[in-house]
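The same chain A turns up in both complexes below, where it pairs with chain B and then with chain C.
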Partner chain A sequence: MIAQPERKIALWHLGVAYTAFLIGTLMGVLQVFIRNDALQLPAWLDYYQILTAHGVLLALIYTTFFIFAFFITGMSKSLGSFGPKVRLFSWIGLWVTLLGTVMATVMIIAGEASVLYTFYAPLKANGFYYVGLALVIIGTWVSSFALVGHYIVWRRKNKGQLSPLFAFMTITTIVLWIIACLGVVATVLFQYIPWAFGWTDTINVELSRSLFWYFGHPLVYFWLLPAYIAWYTIVPKLLGVKVFSDSLARLAFVLFILFSIPVGFHHQLTEPGISNFWKFLQVVLTFMVIVPSLMTAFSMFATFEISGRKKGGTGLFGWFKKLPWRDVRFTSIFIAMAFFIPGGAGGIINASFQLNEVVHNTLWIVGHFHITVGTPVAMTFMGLTFWLIPYLTGRRFTKRMQRLGFVQIITWSIGMLLMSTAQHVLGLMGAPRRTAYSGYNDHPSAMEWFDGIISNHVTMAIGGTILFLSAMILMYIVIMTMFVLPKAETPEQMVEFPLAESDMSNTPKWLENWWIWISIAAALIIIAYAIPLTHMIQHAPPGSKGFITW
Partner chain B sequence: MDKKQSNHEVNLKGTLVSVFFVGIVIVAMWVAVYLMYVAR
Partner chain C sequence: MHFHKYEKIWLSFGIVSLIVFLSVVGVSAFSQNHTPSGGMDTIDPEKVNETAPFDNPGVTQLDEDTYQVAIVALAFGYNAPDLRVPAGKEIIFKVTSTDVVHSFTIDDTKVNMMVVPGRITTKSYTFEEPGKYLILCNEYCGTGHHMMSTEIEVY
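Right after this comes the complex of A and B.
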């Protein structure tokens, strides 16, 4: 078990993460009822407040705090106990991120920031909302540098050695995160905050959106890579095998640093202020991300097959039956991976330049988000929660909890299938995103969208309700494993941190030479962004004043 | 050397078929939306 101080820091992160999860999922279920006309909100609360809170608390806050809990635990487990400075800065990071979270949440609740989680200008929130978001980023940087410091100390003590796979992957994710945040820090500090506090009258909208998506796409990988860490390093242990290929895993991760950042324009394919050449270049770079994604898919299937065959599975798919389906830690992550197949395919469609016109600004994107971040990432985190909290608290994960865990992941899967399929289909027909229910003045074409059995607000509401039920079961498991269940007394009752062995004997050392990867990443970012961003600044259209539409 | 030998011994035919399945899902979904795009 890792040292008590790190356990405490990680548990605090998990506590904040699941508080955000509780409020965020409640905001989610309210939305589907409002869209279904089954619920009328009180006058002091509107749809866009709820939508903003749902996005911020789940997509930004739950993920971030959970990820750092996982990183802190895994880094302490794989590199050894933190020194006093690393602990101190991990605490400072936690409190600064929490302060920012509270500030942003208060602004949303106060009705001062119904700007959705992407906070697109010219919608203008209270300046303190942006200050809160900036503090969230600064806090994560402090936590990140604490972990980088811990890694540097380890490398100094182990000169010439490759770091353990978990640590390598954590540092890769942190490198990606720090480079990605530069865009959002630039726009929040130099554009949004001066504008929101009235120090400047107008804002360069195109520039702000471009800087946001410079950050926004790698943000997706900041969520996804910790899930991939679990897939690469935890799943093989649950299956009783080694990591399939240490080199492949490391190469896939560094490719994410290179190709997940200079690609933000694929979120802006319908915007007029960017020339087609730069959009096309970034579309090509986006497609490069498919390479490490498919490397990961191959690696996972190979891990399953090797494990299944080792346990006696024969024939083409006999190994499949031999996988540990009764282990909720595995089954949850397997379902998460399965959801990512259509999720990833949808992502390729979104990024396919012209095809983006079919789905942009429609509910398809919302559905896509829910079967990428909302399930592959979130359900992996749920699967980790089942052992991470008892591991940290020293409590038992009882059979009853294991059964409840199954109920939770099955209900989440059913709810998500219903809701996200409805969103995908409605989106293809044209139903808009980012808005409350819109029937376009009861236009017959718009009314027809909602007539189908799947493409129906009722289906979405049923899906959303099942999801909320699932979320509450998870909250029960979290509370039980955190505070209530009996402490483990014997070694058999102790919950382990299932970290797989990874054979590094054939792994080339250059895979851990950060200067190579950071330099190539910087070069690609400059190629993809320098000229179009300069153009947006030098030939800026008249700036926009702020709009408060709520 | 041992590792090379053991890699050769591993039967990964199921993995090959599985990744083809993933590829087919990607292509099928892409073509479906492409046809929709062309039809509009």
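Right after this comes the complex of A and C.
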């Protein structure tokens, strides 16, 4: 078991994460009922307030706090106990991030920031909403630097050695996160905050959007990579085998540093101010980032097959039956991976330049991120929660909890399948995203969207309701494992941190030379962004004043 | 670094597929002009109503086979009177905004344009089927976002 102070820091992160999860999922279930006109909100509450809260609390806050809980635990486990400075800065990071979260949430609840989590200018929220978001980022940087410090101490003590795979992957994710945040920090600090507090009159809208998406795409990799860390380092242990290939795992991760950042324009394919050449260049780079995911898929199935065959599975697919399906820690993550197959394929469609016109800002996109971050990432986090909390609290994970865990992941899968399929189909037909209930004055086209077997108002609401029930079961498991279940007394009752062995004997040293990867990443970013961003600044139209349209 | 033989096959297959996808997209875009909406023209967002072509929004015939449609998007509607255009002719849509970001999206077509204040978004489209098409905003723009719509008639 890891040292008590780290356990406490990690548990606090999980506490915040699941508080955000509780409120965020409640906002989600309200939305599906407003959208089908079954629920009328009171006058003081607006659909778009709920939508903003849902996005911020689940996509930004739940993920971020969970990720740091996982990192802190795993870094302490794989590199040893934190020193006093690392502990102190981990706490400071937590409190700064939490302060920012509370500030932003209060602004949303007060109706001062119904600008959604993308906060596109010139919608102008209260300045403290942007300050809150900036504090969230700064807090994560403090926590990140604490972990980097811990890693540097380890490297100094173990000169010439490769770091353990978990630590390597954590640092990769942090490097990616820091580089990605530069964009959002630049726009919030130099554009939004001065403008929102009235120190400047206008804002360069297209520049703010481009800086946001410079951050917005690698943000999704900041969610995905911790899930990949679990797939690479936790899953093989649950299967009783080693990591398939240490060097390929590391190579896949550094490729994410290179290719997940210079690709933000694929969120802006249908907008003016960026020429087709630069849009297409970033489309090409977007396709490059698919390669490490293909490598990951191969490693996963190789791991499954090796494990299944070791346990006596024969024939072409006999190994599949030998996988530990009765272990909720494994099955949850397996389902998460399965959802990522259509999720990733959908992503290729979205990024395909002119094909994007068919789906941009339709419900298809909403369906897409619910089967990427909403299931592959979120359900991996759920699968980790089942052992991470009891591991940290020293409580038992009882048989009953294991059964409940199965109910939880199965309901989540069914709910998500219904809801996201409905959203994908509705989006293809043309139904827009981010809208409250609307029939567009009963326009025949709009009526047609909701007339299908899957594409109707009911499927999405049923899916959303099942998802909410699933979320409440998870909350029950979280509370039980955190506060209620009996403490483990014998070694068999102890919950372990299942960290797989990784054979580093054939891993080349240059994979851990960060300066190589950071330099190539910087070069790619400059190639993809320098000219179009300079053009946006030099040929900027008169800026926009702020508007409060809610 | 060792790549398993099957992994080499898998990755080659994957990378070749990606190259094929990109080639299809790229050739279609740059040799057949199937590019998404965009454009590099700028405009003062506070002087939209005085700036051509938005001082006279609506349909203008440019020549025998080409029509221009100028539209001003604003919370929560479109300033574009009498939207009637013929089928089978090239229609050039030019859209801008006087306030926040919107979209100009025509249902059942590939016209799906982001509208950014200070910028003019352009898209060329040829309708094949006559009919009445729903136009809506699919970028969040405020309380009335889901009410923001209009209609275009193709004859």
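Just so it is clear, the second predicted complex is superposed on the first by the 550 of 550 C-alpha atoms of A that agree within 3 Å, B and C clash if a C-alpha of one lies under 4 Å from a C-alpha of the other, contacts with A are read in each partner's own complex, and residues count from 1 in each chain.
Here, a contact is a pair of C-beta atoms (placed from the backbone, for glycine too) under 8 Å apart; a residue touches a chain by one contact, two chains touch by 3 or more.
This one's a predicted model, so the numbers in the text were calculated from it and none came from an experiment.
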| item | value |
| --- | --- |
| First, second, both or neither for A:L294, with chain B first and chain C second | both |
| Partner chain(s) touched by A:S505 [first = chain B, second = chain C, both, neither] | first |
| Partner chain in contact with A:T465 - chain B first, chain C second, else both or neither | neither |
| Partner chain(s) touched by A:I341 [first = chain B, second = chain C, both, neither] | first |
| Contacts of A:W319 with chain B and chain C, given as first, second, both or neither | first |
| Partner chain in contact with A:T270 - chain B first, chain C second, else both or neither | second |
| Which superposed partner A:S352 touches (first chain B, second chain C, both, neither) | both |
| First (chain B), second (chain C), both or neither touched by A:N36 | neither |
| Which superposed partner A:N441 touches (first chain B, second chain C, both, neither) | second |
| Residues of chain A touched, compared between chain B and chain C (which is higher) | C |
| Residues of chain A that lie at the interface with chain B and also at the interface with chain C | 294, 298, 302, 348, 352, 354-355, 357-358, 506 |
| Sites on chain B touched by chain A in the complex | 3, 10-15, 17-19, 22, 25-26, 29-30, 33-34, 36-37, 40 |
| Residues on chain A engaged by chain B in the complex (per definition of touch) | 294, 297-298, 301-302, 304-306, 309, 316-317, 319-320, 341-342, 344-346, 348-349, 352, 354-355, 357-359, 428, 503, 505-506 |
| Chain A-touching residues of chain C, taken from the complex the two chains share | 1-4, 6-7, 10-11, 14-15, 18, 21-22, 25-26, 28-30, 34-46, 75-76, 99-101, 103, 105, 107-108, 110-114, 116-122, 133-134, 136-147, 149, 151 |
| Contact footprint of chain C on chain A as seen in their complex | 46, 48, 114, 116, 120-123, 204-206, 209, 245, 247-248, 251, 268-276, 279-280, 283-284, 287, 290-291, 294-295, 298, 302, 348, 352-358, 360-362, 430, 432-438, 440-441, 443, 445-446, 506-508, 539-545, 547, 549-550 |
